[in-house]
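Take a look at these structures.
Heads up, the next two complexes both have subunit A, just with different partners, subunit B and then subunit C.
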Partner chain A sequence: MKINRTVEFTWHVIFMATVLVLVFPIIYAVGMSFKPLEDAYNNVLNIFSLHPTLENYITFFDTLPVLKVTMNTFIIASVATIFKVFTSFLAAYAFVYFQFKGKEIVYFLLISTIFIPFTVTMIPNYLIISDLGLLDSVWGVILPQLADAIGIFLITQSMRSIPLSLIEVARLDNLGHGKIMKDIVFPLVRPAVTSVGIWFFISSWNEFVWPVLILKTTENYTLPLALQMYISSEGGTNFTVAMAVSVITMIIPLILYLTFQKYIIGTFTSSGIK
Partner chain B sequence: MSAFAAVRKSLQLNRENAIGYGLLIPSIIIFAVFTFWPFLYTVYLSFFDWNMISPEKEFVGFKNYMEVLGDPRTYQILGNTFLYIVILLAINCVVPYIFAFVIGVVLQRWNGFYKSALFLPAFISLVVGSILFTWILNPVSGPVAIVFGWIGLEIPNWTKTEGWVILVLSLITSWKVFGYNFILLYASINGISKEIIESARLDNIPLWRIFLQIILPMSSATGVYVFILTIVQSLQYVFTPVKVVTQGGPDYASSNLIYHAYHEAFVVYRTGHSATLSIMTMGLFLVLLFLYFKFADRGIYYEN
Partner chain C sequence: MKEIRFEHVKKSYGNTEVVKDLNFTIREGERLILLGPSGCGKSTTLRMIAGLEDITEGSLFMNGKKMNDVPSGKRNAAMVFQNYALYPHMTLKQNIIYGLKVQKLSKEEIQSRLDFVLDMLQLKGLEDRLPKDLSGGQRQRVALARATVKRSDFFLLDEPLSNLDAQLRVSARKELLKIHDMFKQTMVYVTHDQIEAMTFADRIALMYNGELQMLDTPTNVYHRPANVFTAKFIGSPPTNILEMNYHEKSISIGQQSFELNEIWLKHIKQRNTSDLLFGIRPEHVELSTASFSNGYRGKVKYTENLGSNYSVYIDLDGQEVVAASDHKHWYKGDTVYFRPMMDRIHFFHKGTGNSIGYPEELLDADYKNKEESRVLA
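What follows is the complex of A and B.
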């Protein structure tokens, strides 16, 4: 499509500026995490310090059990992801390949939970976790997150694109549902399932609202909660350490995104997510 | 024979029913226990005075509703909530729509780069974003303040100034939300037949008319979804910068319905007020959803 050169140039300027606003903070944080504190205040405009130091990372490792905190974050994110993918896959399979009474109603009820604000379920869920004795435990964070409406929705969308005749042929050959799921449907929706899984993992890794209610002691914290400590009013404000913790919090999601970006964007833009 | 066939068919149907439900049971249990029951219990709590600790809950009828509706602070917070909604919709619905159109249809180069870069912050913790921007936008010592200082501009002390605080917290939230919405809209616009757009271009129809008359109607199902998602989810995302940066201050100027419900429950332990506010939020969401569907359903073109 031919377009006016000036128009094209203007748009490139707008997009570059937007990209700069979105990505600059991340680069700036990496630079600042290696600055000594006085440098952070005196050399604000130098992204990278002339006297790089590891002291911010050392402070973080000295004040918190960092490995434990990272493990907590990892356990929550992986267990929640595995369960969500599994329950969403089974539910999607039921919605796409079965005709049963009340199917539409159940589908509608499950999907409509996307639009329920979390404050509506916050107090009762807190009480349930408390009654189960799971306050201040990673399992208390994980438990309510074992199923996911967006996951059901996305995987259902992706399964609908598989030709039904394929499944009918398999049924005529007397293949059981377990085998059809494992050998026919799963391989065909694997790209969507993987992308949804990565998305779940990262969302859960970054999750803040629910863990902040459940986790109380620092050794049970996840990375985003630990990060908050360094600029909270109680803990005093230590921005350079906060930047070091930010970098550690960002590393895994960034690596996952940069490794799988073509794949994730591909799935998001082709599988009819809406 | 026909009776036998009917019995067989009904048995098969029953079996289908059973397997269908069986596959749904894990999801249904989780949602029943952690979403539907809590929702009902929150409705129940809105009729009681309680502090989450005391063994006794006192039934007070509609007293919580009267108190919440009689409190001028509620209206301040409602006003804040609408302000957040308007700003978030402008930044995360209107702008990404235009961006998705230009990147998907108009530009020939660097499209892939723009897509990856715009989507990137969606993968990063909003706590990280809140802290980065608190430093970068620090009105005295932050890099933006220093650069602005060269040309004689001052950054308002936004964490302490009514109005500004909502704008900046919305911007921080948008940093995270923008790319996700952009990708959803891009996906939808990308799915529109290129031939329609090409022939419009051959007829010399200007780009803004292509956007308004072809792209907008043909991607409207996704458009509506992103519109609703922006209201419902970004309003909840705002919770994170509010909690991390201002705790609702100064004097409730940055609080919204979501944060205020949290504050009532877990800071001042008034579960009745919190539950009432949550039910009101839910009501507000439902009204917005309903109005939007009523208003927009006529023009929606369903893709696929």
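What follows is the complex of A and C.
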């Protein structure tokens, strides 16, 4: 018993240290965002300032249309996510339940696009968006993000684990594909769909390179672009304001994660479905 | 007519033919068992009826209509799967009525059908449980209930009892009979278990290698096998099939001869063949320590205890004969005298393996009445 307790204690210390290492930057950013700029340089080791101030947030709100920028980011991330999840689900359904000529080859080609680096498609994509007249518009950012092979791959894998007989029972009940998708397949792959969705949302939310190519005016900026303004020559290097922007950038994905985390955990427990 | 008719039905995957030229009719309201070893094409045949597999060649008729291109949902068929195929995210009740809701039946009708089936299959009180919270036997009954509430003309079952233990199987069989008695659907039931087939079927369709070997009542499949395969597949231990020589009045196996009666002699003569195999079931061999006037002598090789009786393996001039005995006093090396029961023997053509048929005098009334139920292979 005693040995067990010691082992348990040791593990807990290790876990807590790990958590601290992971959480520290976040706490530090939050603390920093409430510091006056001098404190950031003079009291580096104080996580929380002795003279807390909202100055940084006010500066941010004064220099940029923050609501508009947040909305831009939100629109891009949610539209891209909804479309990616939707197209991935439909494509996965077709790959799993339809028999057609060349299915394996099409699937293979599609999945191999995962390995094409973004930089390869960046310029062609830019030219297309430019030709479509969508430069400096959130839709120009969204358009190339409406489908994603990773989503197709992950949802296909999850769908393949559904016994085929469930679908056959539904076919014998004269159910159309729409109903089979909605009532049977979707509830069974929901954990996978949710995880994929959160992943898409967060990666789109944090995306920097593609929006910076497309968006020109500050009014159309997304939060990562705004953040960059304060750590480059453009806005002067103002770490405390940058931290305030970071905190605002973190909030929405965090809320989203907390709302859906039970489904993410569900991904690992859904193996109970047989 | 809720009958199912196969006309030259074939099914192949690429170059592999899994079902070869099926021609038979499943009668309205009968319980037909598709029986055979694994890979014989029985499940494929059932799935073609359900519309879950395409038909490569030939025609399938149900209710008098050609069904080759009719989708599953329009065939008026319900199916029970081996793994039950219950929706894991729906409660027992939702599982049962989901199909009815899709059919847009009235609420009252759905409720009354649900109550009826819950009552019949003793599922009352479990309505709100998820499949994972049910036992194997309960899940199986839910699968039956879901297929029953549809009240369809055709009831298809793919090894529905194979995941149950022996006792539950007996009670599940009773429930199936109850359902059939009540609704008189045309039932097609796939199994590889001959006991299930014997106890449950009106008729058995025995398949092997994608071909129908015999289609007949359980009694005839057992007592009047159409070919060597049927004789060996049905019954345990299987029918003895022995090399023999045919003479004018007798047959010989090894060096020993056995005199046939007039009835058999006439029958064989009419068939105009002498290249034959001799068949006899272990339970139709009489054993004795004293010699028979018309019988064989052999040596006991070993004995197997089957509980209800013993199988005695005998060496008959180099060929092995199995006989059933109700007592155990046969030991290795003993000399044993035995005699096949004259009206229980079978003859098969050596080349084709087909039965040469049975003399009119030996046929039961049951067999004679069914002109259609003859040998098919």
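Operating definition for what follows: the second predicted complex is superposed on the first by the 238 of 274 C-alpha atoms of A that agree within 3 Å, B and C clash if a C-alpha of one lies under 4 Å from a C-alpha of the other, contacts with A are read in each partner's own complex, and residues count from 1 in each chain.
As a convention for this text, a residue touches a chain if its C-beta (ideal position, glycine included) is under 8 Å from a C-beta of that chain, and two chains touch if they have at least 3 such contacts.
None of the values given here were measured: they were computed from a predicted structure.
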item: Which superposed partner A:Thr194 touches (first subunit B, second subunit C, both, neither); value: neither
item: Partner chain(s) touched by A:Ser165 [first = subunit B, second = subunit C, both, neither]; value: second
item: Which of subunit B and subunit C A:Lys179 touches, first, second, both or neither; value: second
item: First (subunit B), second (subunit C), both or neither touched by A:Asn125; value: first
item: Of subunit C and subunit B, partner touching more subunit A residues; value: B
item: Those residues of subunit A which subunit B touches in one complex and subunit C touches in the other; value: 272-274
item: Complex contact set, residues of subunit C against subunit A; value: 50-52, 71-75, 77-79, 81-83, 85, 87-89, 98-99, 102-103, 132, 146, 150
item: Interface residues, subunit A side, partner subunit B - complex; value: 1-3, 7-8, 11-12, 15, 18-19, 21-23, 25-26, 28-29, 32, 41, 44-45, 86-88, 90-91, 93-95, 98-101, 103, 106, 109-110, 113-128, 143-144, 146-147, 149, 152, 177, 202, 205-206, 208-209, 212-213, 223-224, 227-228, 230-231, 239, 242-243, 246, 249-250, 253-254, 256-257, 261, 265, 268-270, 272-274
item: Of all residues in subunit A, those that touch subunit C in their complex; value: 163, 165-166, 168-169, 171-175, 179, 183-184, 187-188, 272-274
item: In the complex, subunit B residues that touch subunit A; value: 16-17, 19-24, 26-28, 30-31, 33-39, 41-42, 45, 52, 99, 102-103, 105-108, 110, 114-121, 123-129, 131-136, 141-143, 146-147, 175, 178-179, 183-184, 186-188, 190-191, 197-198, 201, 207, 221-222, 225, 228-229, 232, 235-236, 239-240, 243-244, 257-258, 261-262, 265-266, 271, 274-275, 277-279, 281-282, 285, 289, 303-304
